[in-house]
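Pasting the structures in now, so scroll down.
Both complexes below contain subunit A, partnered by subunit B and then by subunit C.
Presenting the complex of A and B:
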């Protein structure tokens, strides 16, 4: 039997060396990770990893490469790896970023890329911090709809203009990049922090919600919005582009102008 | 657990560094006011002692110190106005960076005017 295989319809003649993954440029980087392994050493230390990465890779891919091919003990959080779940906020070259949204080619690859855990929360291991104080503040502002009226038979309608008032603050993914970029939060763990205020803003300015006054009362505290010193670190750090400082300023103004 | 050293300095932008500047100048001004209240209160105790203390201020080192003090007060004052605008003007957060450049511009002009007059009185003329 002569087996003359038919040529697949999609076959395209490629010159050698063209096509495939080889076309993506590669470059060498030094990933400088702040390690903390409480079971073996008391202090945190820097560890360098020399890696060859692709132009399409993100900092998260570099961390994966370290964990999967170099040192399996490296610990960090990530879940969706696509900028939605908010698990992998970390300090990259000194600024809070999501590792999964930071392309290596956008960083200066001629120098070591520093990766550290976010500041102001208790460090547990390597890049993992205890998020509990962060979520505690989040819970305190009651991040859910409170409506005293009768339950409607259908949707709760809202005009586009009313929605626009809080549209920006609905985008929060609770990654803590803002709260852990705040100099006030670093030294004052009692401060609610930008993320909690952003999520309060999301309900305070929602026309369907009836507990705005209660939330304003919670934030009208010396550890509430008045602790904000408008350093704008939070706005700069937010991976969703939320105008965090603006939202905090709106809550400040709402506290002053509300009719009690 | 959190006692481990915190690694690198956070790389903030204009907003954070203007806040650092505001804090530092605030502390400087507070220390000055502390001394100032004490030396001025001295006039109630003994007028000649007050004159003696004030006379010790009339030297080149104090002239430079006064220049630095005015620099700190001017920055703190103008940046303070900026912070009020950021908090209470609807567009304040949007234009905080431009406001800071405005603060620095006004600061340079006013401080240069003061420094020229003050230092020429302190070091020349007599």
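Presenting the complex of A and C:
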């Protein structure tokens, strides 16, 4: 323990309700899902599900309830269920979010809650899109440390201040919430998109990396950073709280001044 | 059906699989098959750190680390493997640093290190700073860094390819003493492409299993929905034993009802546990170190409070983690992520309200038995040429009966690398094993049966019953009666599983079908865990038998080895054969495990 703390009381009074007893509150919702089942129906359509949910349930729980109790064919990706794997970005009430991080009680449950696949990537089935184009852009910015200098026998040193320059962009979980909320990306699928720029930023500003110039050149392309119109959708969508627009601005600045 | 040919096929793209791929991919024609996109793997959820005796901030060495690992595992650790891991830990961290991992740094710019439970200086004298970390996102950074390096080395991924079966042949062979036996050999794997519903056969000289854990056997778990024990299940069905499956680690502080992990760091920073009477109950169970007692002791104490009616909440089924006596600034500085979990998922403000917590199934210590070169064993000492396993799916065994925090991220790097190197080396000289006739038959029959079934059982119903029964009977407390109760239900569920049908009959992204297949693995894993728990009539590490509360070295200082065997019966369970395997001792003789 870093600081000496006063010894906590060995017994305290708990607020009523905390100690136990009572009912778990429930509420009813309508989940309105954009279905796309090309094997049986050519066009996408909306389907409503009426569900009774609990206070701590998330949109992912509602989707599971549909899949597990009503219609097993409803398809969506998910894995970790707590916002760290990036599987379940989707449009919830028109905004990109992770289903596993969006509590139902934080949404307006008096109206149907709409859930659709993220936009701009080829739709495969229900809430599932083809992620390949997204990862293709990611791979193009050379998302790996390039160091052509002397290889030390031990570790490379890095000051805490240098580490802080790119720490924010290391948090990315490649969920595509940002890229698929970008109006430029919707109209021009060739645009690298914010996620790829975020990941380029992560290396461009890493003091151990030697290929910043190459990455800046790639992003200086006509499909690169200059397509960004600073709409801020990406920053709002990012479930990891990454300052996406700021990262893009820093990359633009670096291209102009070539300081790295 | 397509057939692909590779020198090396790696199943799984978490930390262990990708570490293997980086080595193998540079030396042999390698494919990685993974049911998730690599960066979705659950290695990304790890918070605390990865340990190595770098001695960057204070004196430390690999021998101390070996000792801690052996003692932490309650002496059921194979000491040769623990030595390898502790020695190679240092290079494992340096490898990651050179690959670009953004570790937190000391003021001099070196990789920073912090304390973690059970890691000590000089054989238990005091806590030591051994865990290298990247904020509370160490696993995320390891997963991203390994993926980045796979991209760099052009590793070939088959994403969303579910491996459902392994192709194996048996040959007559003779041991040195002249006795005949059946030598298993691996020919490849069968996989299901999620996007198209097509089966693909991968023929390979070397196959590496790196499919992670099986936490979803339990209801309350820190594990992802996708951790369903597939790799262990496939090996088990092929007659490969599973080692030490009775040992599952339950982490004390999962968010109640959800299982999402709140790191040990919370109690390290001064948080305490309370029951429904507001009592700091750990004072009764561990009067000296109280809330900072080892994971298994704290977890049992919590479960006991609930059992004796002092649980909190509407169903009185959890206790409280109280941080309200801590300064908000202190909480923000040291515990930002986990307090955010409490806010987001339970709507609880940790500054002013205690957080509902309960033990959560966290880590499977057991798995596919391997030696230190990651070669899979078909019995106590016969290697299956060309077959490897690493990571949580494997049992080397470096964790024995209880894994120390930060030793798994280390395990996946050290033994993932070894598996990749071994697999590539073997493939350089070996020949392909001929594919059996109709290699996809077992899998296609299983899938067709599921799709065409008119059965009335639903996957989600059976899975919930399984998870409930496991939480109730095979969790931190076990005894003969509870294990019997679990087994009756498991056997019943296995019967009912034959009558399962899926609603989605399509070929594209049929996750309904895959959940049904995953349930089959879960049922097998639950059965083996319970059988092995029944067999071990002692208490050690993560396995606590109320009817045998003491460690019994005389009868049980040995690994359990469970085999699928239609003709055998163990502890009244038909279809499982239980054997044992000696523990490897090098330096340390067993002592009482006291902290």
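The definition used in the following text is that the second predicted complex is superposed on the first by the 235 of 260 C-alpha atoms of A that agree within 3 Å, B and C clash if a C-alpha of one lies under 4 Å from a C-alpha of the other, contacts with A are read in each partner's own complex, and residues count from 1 in each chain.
Note that in this section a residue touches a chain if its C-beta (ideal position, glycine included) is under 8 Å from a C-beta of that chain, and two chains touch if they have at least 3 such contacts.
In this text, all values refer to a predicted model and were calculated from it rather than measured experimentally.
J.: Scan A:52 for contacts with subunit B and subunit C and give back first, second, both or neither.
T.: A:52: touches no partner chain.
J.: Could you look at A:166 and tell me whether it touches subunit B, subunit C, both or neither (first, second, both, neither)?
T.: It touches subunit C, and subunit B stays clear.
J.: May I ask you to decide whether A:136 touches subunit B, subunit C, both, or neither, giving the answer as first, second, both or neither?
T.: A:136 contacts neither subunit B nor subunit C.
J.: Now for A:190: first (subunit B), second (subunit C), both, or neither, which partner does it touch?
T.: Neither partner.
J.: Between subunit B (first) and subunit C (second), which, if any, makes contact with A:38: first, second, both or neither?
T.: Both partners, subunit B and subunit C.
J.: Kindly classify A:28 by the partners it touches after superposition: subunit B alone (first), subunit C alone (second), both, or neither?
T.: Touch status of A:28: no partner.
J.: Please work out whether A:95 is in contact with subunit B alone, subunit C alone, both, or neither, and reply first, second, both or neither.
T.: first
J.: A:124 contacts which: subunit B (first), subunit C (second), both, neither?
T.: In the superposition, A:124 touches subunit B and subunit C alike.
J.: Which parts of subunit A are touched by subunit B and by subunit C alike?
T.: Shared contact residues on subunit A: 38, 124.
J.: Going by the contact rule set out above, which residues of subunit A touch subunit B in the complex?
T.: Result: residues 34, 36, 38, 42-44, 91, 93-95, 114, 116-117, 119, 121-124, 130, 181, 183, 229-233, 235-236, 243, 245-246, 249, 252-253 of subunit A touch subunit B.
J.: So in the complex, which bits of subunit C are touching subunit A?
T.: Spelled out, the residues of subunit C in touch with subunit A are 36-37, 39-42, 44-45, 93-94, 97-100, 102, 104-105, 107-111, 134-135, 137, 140-141, 144, 148-149, 151-152, 195, 224-226, 257-258, 260, 268-270, 272, 274, 276-280, 283, 311-316, 320, 322, 325-326, 330, 334, 341, 344-347, 353-354, 458-460, 502-504, 506-512.
J.: Which of the residues in subunit B end up touching subunit A in this complex?
T.: Touch list, subunit B to subunit A: 1-2, 4-16, 18-19, 83, 86-88, 92-94, 96.
J.: Going by the contact rule set out above, which residues of subunit A touch subunit C in the complex?
T.: It comes out as residues 1-3, 5-6, 8-15, 18-24, 37-40, 55-56, 58, 67-69, 71-73, 75-87, 101, 103, 105, 124-126, 128, 131, 135, 139, 142-145, 147, 151, 154-160, 163, 166-167, 170-174, 203, 206, 208-209.
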